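Scroll down for the structure; my scribbles are underneath it.
We call the chains A, B, C, D, E and F, going by the order they appear; numbering starts again at 1 in every chain.
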Amino acid sequence: MLENVVANNGLNTAFSGMTIVFSGLVIIALAIHSFNYISAFVKKRGEANTAAGPAGETTPALAFMGKDLVPEDELVAISVAIELYRRLHFEHLQSEITFVHGELTNSGWKTGIKYGQRRSIPR
Amino acid sequence: MHVIFKIVGTTGFANMQWGNLIMIAVGGVAIFLAVVKKYEPLLLLPIGFGVIMGNIPYTPGLPLGVYDEGSVFSLIYKGVTSGLFPPLIFLGIGALTDFSSLISSPKSVLLGAAAQIGIFGTYIGALMLGFSNAESASIGIIGGADGPTSIFLSSQLAPQLLGPIAIAAYSYMALVPVIQPPLMKLLTTEKERKIRMKPPRIVTRQERVLFPIIVAIFAALIAPGALSLVGMLMLGNLLKESGVTDRLAKSAGSALLDICTILLSFAVGCSTQSAVFLNAKSLGIFALGLLSFMVATVGGLLFAKLMNLFLKEKINPLIGAAGVSAVPDSARVVQHFALHYDKDNHLLMHAMAPNVAGVIGSAIAAGVFIAIFR
Amino acid sequence: MLENVVANNGLNTAFSGMTIVFSGLVIIALAIHSFNYISAFVKKRGEANTAAGPAGETTPALAFMGKDLVPEDELVAISVAIELYRRLHFEHLQSEITFVHGELTNSGWKTGIKYGQRRSIPR
Amino acid sequence: MHVIFKIVGTTGFANMQWGNLIMIAVGGVAIFLAVVKKYEPLLLLPIGFGVIMGNIPYTPGLPLGVYDEGSVFSLIYKGVTSGLFPPLIFLGIGALTDFSSLISSPKSVLLGAAAQIGIFGTYIGALMLGFSNAESASIGIIGGADGPTSIFLSSQLAPQLLGPIAIAAYSYMALVPVIQPPLMKLLTTEKERKIRMKPPRIVTRQERVLFPIIVAIFAALIAPGALSLVGMLMLGNLLKESGVTDRLAKSAGSALLDICTILLSFAVGCSTQSAVFLNAKSLGIFALGLLSFMVATVGGLLFAKLMNLFLKEKINPLIGAAGVSAVPDSARVVQHFALHYDKDNHLLMHAMAPNVAGVIGSAIAAGVFIAIFR
Amino acid sequence: MLENVVANNGLNTAFSGMTIVFSGLVIIALAIHSFNYISAFVKKRGEANTAAGPAGETTPALAFMGKDLVPEDELVAISVAIELYRRLHFEHLQSEITFVHGELTNSGWKTGIKYGQRRSIPR
Amino acid sequence: MHVIFKIVGTTGFANMQWGNLIMIAVGGVAIFLAVVKKYEPLLLLPIGFGVIMGNIPYTPGLPLGVYDEGSVFSLIYKGVTSGLFPPLIFLGIGALTDFSSLISSPKSVLLGAAAQIGIFGTYIGALMLGFSNAESASIGIIGGADGPTSIFLSSQLAPQLLGPIAIAAYSYMALVPVIQPPLMKLLTTEKERKIRMKPPRIVTRQERVLFPIIVAIFAALIAPGALSLVGMLMLGNLLKESGVTDRLAKSAGSALLDICTILLSFAVGCSTQSAVFLNAKSLGIFALGLLSFMVATVGGLLFAKLMNLFLKEKINPLIGAAGVSAVPDSARVVQHFALHYDKDNHLLMHAMAPNVAGVIGSAIAAGVFIAIFR
């Protein structure tokens, strides 16, 4: 059985392969580890200019993930229903490149944010 | 130890060259522009990532890159070089585009024609720099400011230049807000910039259904070479406007468009391996591409002023600049620029007309080149 | 520099190309322009048979585009919520070709409107 | 001036022929039927637009049409001629179809079998008109009233007739409400039309999961040639009914189905270039196609009456007409026709059973032809 | 005309083909017919262990198909609105393979139900 | 009667063999596991159905199966053998995967590396059984517990073994909850199982955007052969995390992923025709595959214990078992197992880090094999 391993230089290949896998992942681990310093640095800078930082970092989506604050009163239900209604009815429009008589709807398709437009697919 | 040397020899470190590092940095810049500056992220992000991936070196012989027969990336790249992805992308864009503004003001179509002077002017310029006819045509089309059109024409006429042409086209489209305003300032008077235009009329459903059919027929009759691009663009639009094929329009404008966009952008990025990308030709292409955008803008602006000599109801010449297409960025630049001089003068809808006309115009121009040079 | 332009007949090509582009777009402009007359004609006819016309032409979707009238009271919110609920829950059904025990759901897939069915994907 | 002549020579105007104009008008009619009459819009709209685009003339040599090696349209058309799109469309249709009505009334399956007499009868008719065996089989399958099945069989046996066969199949499917009622009137008595049927029983989830597996196995064992079509149809249905692969069923029934439908319909439309389409063969195919639909309807109706001779619980013979498939149009025709004679007699669900059985039946018939003639 | 039919053995082919089609569909019909017995058997067994059976068989989706009971009061509208809100906002999350800081969201992608997770795409 | 004999001769009944029946039963078991047991239904259901369809016998010569040139199924199978589907699936998976847990605890990456010992150990084992180098590598990769990686490597190195390797990989991934717990019990003390770990820190958006870029660069530099898999995985993740290309990430993670999954799984199932599947090699592959999973689990567990010798903040060695990937099943097994000994010790998030690191590790291992053996 072993002669096929020897003939194919198997142990060598296996050892080298395992080395490469480890090297690769160690380098990645080190790279990620350096993120922690970047992160700490960013945080420190963020603490310096208190108000500005967190707004930029915590995207709305993340806010939902973290807390999952779903408003539960009628008023909210109504506004949510309306929002959803529009979203479903205007879903098609939202992704239009141009404009339908006074409705300003953008596409995210070839879109910059230089001129105050909001992203068209707000999800 | 023989094997470990063989493996180390195959790592990228062993084969890395300066060109690769430069291109990886370029890819990083593209990603930065996409993510942080939000310049054309849907295209620049996968392109930038592709540039990085395409410049990771490897032992020649491994079938990995877009130019290696049989590799996965080469299969994806075949969708670009065969010219398949751009028309499919146009199908999706057609299913998302609203041509109402154009239908309600047909004379704006001429502005979309005028801006194509950028294409033909740059074609001459490229000939001057010594490029061949087919190459010059592909470089000129950068001024059409439509990614799929540029990539399609290059794939048909000058596939060896596809990478730099695509990168140049998308880069300058992203930079439209930087390129156009100075020219607008230079070529219009303050009084002209304040011209207000009447709100466009409401178009009926019949018009919106007939429009894609008529445009497709006439564009393809005039320039059959534009059949693939204009045909697909208008098929998508017909699916959208007919009102009876919503589900087809939706899938064309979402899944199909997105998948083709990812694969095309990534593959185009991968095709910029430094060995084929970093040379004098690419530099020339980038210079000519900038020229092309500027000539196109000037062409649109001046033609609008020319039209005003004959029109009773004056148009605001700024919307001529939107004829370069780069939908919808250049229309937004016009809107923003005009607001600067008159806070209540909203030109966006008026600028959309030459803007989408420019897409059709460039596709026809591409069709002309295909008819002559193929 | 210019000899390459001359050798390749460049000016000729450029001039001809620009001509074709202009011809093409002028023809399209003229075709669209003729729409205005059709549109005016249709309008006039529409005014003649007052009630029948607009109902046929203005699809619900268009009505929304034009006016964007979103009802804002509770009653509407409730009905909207129910509608959305059904739409999401029955999304799959809506696109079914056939029928599930008494539920009549059509697909739009090979669909005529000859026999009173409504389109299954009402968006 | 040499160049401008060359360009003008390449425009469609210079190459336009009468045949092209006729076909463009045909395409316009298809679009009209789709948009205004809402006849099969998901198929007739892209087909009609394709017919127009395929008949815009251009200088031979330019790689533009579906028959030109290397053109974009030829790449899309390859998805049709290779037989790839129809099974993928069946995968999507399977993910949307509910076979409950069939499971609850297995004897209706026989009606779906009887209607296939249209296929084999027309095959004989086509032989009489001098078509070859493979051509006759492809023409006969029009009576199966299933677009993907017709296109699949033609692509395998008679690709040169694919265009007219596909157009005929979809046209007559759109005209089912015109073709079937006279025959229903002719072959049933008023008393028969008023027969009411018991509501079908509710089927369990187990049955709905087992159904596609069993049908696929038996259909493929009996007619292995049906493997591609029935296999994919039932795979899609299994994904839907299993309850554990909803996301796969959803993508198969939306993005995949829509994309394949657009590309197949458009390419089939483009393949009707007047030079290959306008000839006596096409005329014969249209005549035979109509015959095929009529024979199939008659077959279903008469077989239902035959079954009533043996059944204690009589079935309404009208539902036999639904055996031609053309899902779900012919089932609707039955419903409407029966309501005319008894306002409370709803046959829709009962008619769905032979309706979907007809799909399986035609696929098996196609499998038989493939086994014999390939 | 008939000589081509004869030459191509047409009647034979047609007859054989029709036979195969009928055989195939008869076999399928018989197979389905046997379902009825299975169904009856399952039902009988279900009646034996009364409560347990129906819960397992009637999936929620079927319940909706059969009865179409849509609650119509405000309370329901509110909860529905909230549910939809979450569904739209968390649509992306629902299909994530892993976890976002304390949010347990599963994907259905490589998913078993052995460890109490619910299916991620609840539709 | 000649014809009816020809037809009967083409039916599956005439060509059925014992092997086919066995494989059809195997397919039925796969479907049962998927539907009733909910084991990996998104993969096992289409695979199981494919196994059944692939084992319906038919007259040789008919172009129906995946191995028949020109058949529809062979076109789909080409997406597998060309190596195209697996990277596209990785693109979609990347667009759905959250690497936050890995970013917040980089040392867990090493556990993902350690578990790859299963791959290389099994490679040696396969050599012992007499398989060739390329075959042994493809068999070893089963221990990577990533379907697309296994299929990709097999398609590149040992396409003739693709069927059994894919089936083995997915089967054992489904059986991870059965395979791992005994080994976890054997190799850890009760005290170790109760070790609690600090909650991971919150990672910033910057980190999540930079992560895929950096991983792709380093993985591709170290093992260029991993370019296709890791590159696509990280492209998908970048599309998701960038926050500016949501629509691309959504389409990649839904339509594209689902379509490729259906086609790949079905085609892989079809490739298990009993004539090529039922032999001693397949048996060996299944035995080695199980070995591979076990060695990988042991490797992860022991390496975690080894790390604890050096770490001040001890890690729970159970999370080492999650290094085999089989995302996210093995992480769930860890969570469940730990809860058994301490009701409040939630290891899920901690186990996700080696879990996703294992995906990257296996892709690098595959890259190494490609570099050496191709």
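Just so we're on the same page, a contact is a pair of C-beta atoms (placed from the backbone, for glycine too) under 8 Å apart; a residue touches a chain by one contact, two chains touch by 3 or more.
These numbers were taken from a predicted model, which means no experiment stands behind them.
The chain with its Cα centre farthest from the Cα centre of subunit F is C.
With respect to subunit D, maximal separation of chain centres occurs for A (centres as means of Cα atoms). Because subunit B and subunit F share one sequence, their contact can be compared position by position; here under half of the interface residue numbers appear on both sides.
Subunit B has its Cα centroid 27 Å from the Cα centroid of subunit A.
The geometric centre of subunit B is 45 Å away from that of subunit E, both derived from CA atoms.
Remark: subunit A and subunit F have CA centroids separated by 25 Å (rounded to whole angstrom). In subunit B, the residues that touch at least two other chains are 3, 7, 11, 38, 41-42, 202, 222-223, 243-244, 246-247, 250, 254-255, 368, 372. Looking at subunit A, one finds that residues 13, 15-17, 20, 74, 77-78, 81, 84, 92, 95, 100-101, 108, 123 touch two or more other chains. Those residues of subunit A that touch subunit F in the complex are listed here as 1-2, 4-5, 8, 10-11, 13-18, 20-33, 35-36, 38-39, 42, 57, 59, 62, 95, 108, 121, 123. Here subunit F touches subunit D in the complex through residues 3, 6-7, 10-13, 16, 24, 28, 31, 34-35, 38, 41-42, 45-46, 49, 52-53, 56-59, 62-64, 70-73, 75-76, 254-255, 258-259, 261-262, 266, going by the rule given at the top.
If you check the complex, the residues on subunit D that touch subunit F are 82-84, 87, 91, 209, 213, 216-217, 220-225, 227-228, 231, 234-235, 238-239, 242-245, 247-248, 250-252, 254-256, 368, 370-372, 374. Residue ranges on subunit D touching subunit E, taken from their complex, read 102-103, 106-107, 109-110, 112-113, 116-117, 119-121, 123-124, 127-130, 132-133, 136, 201-207, 210-211, 214-215, 218-219, 222-223, 243-244, 246-247, 357, 360-361, 364-365, 368-369, 372.
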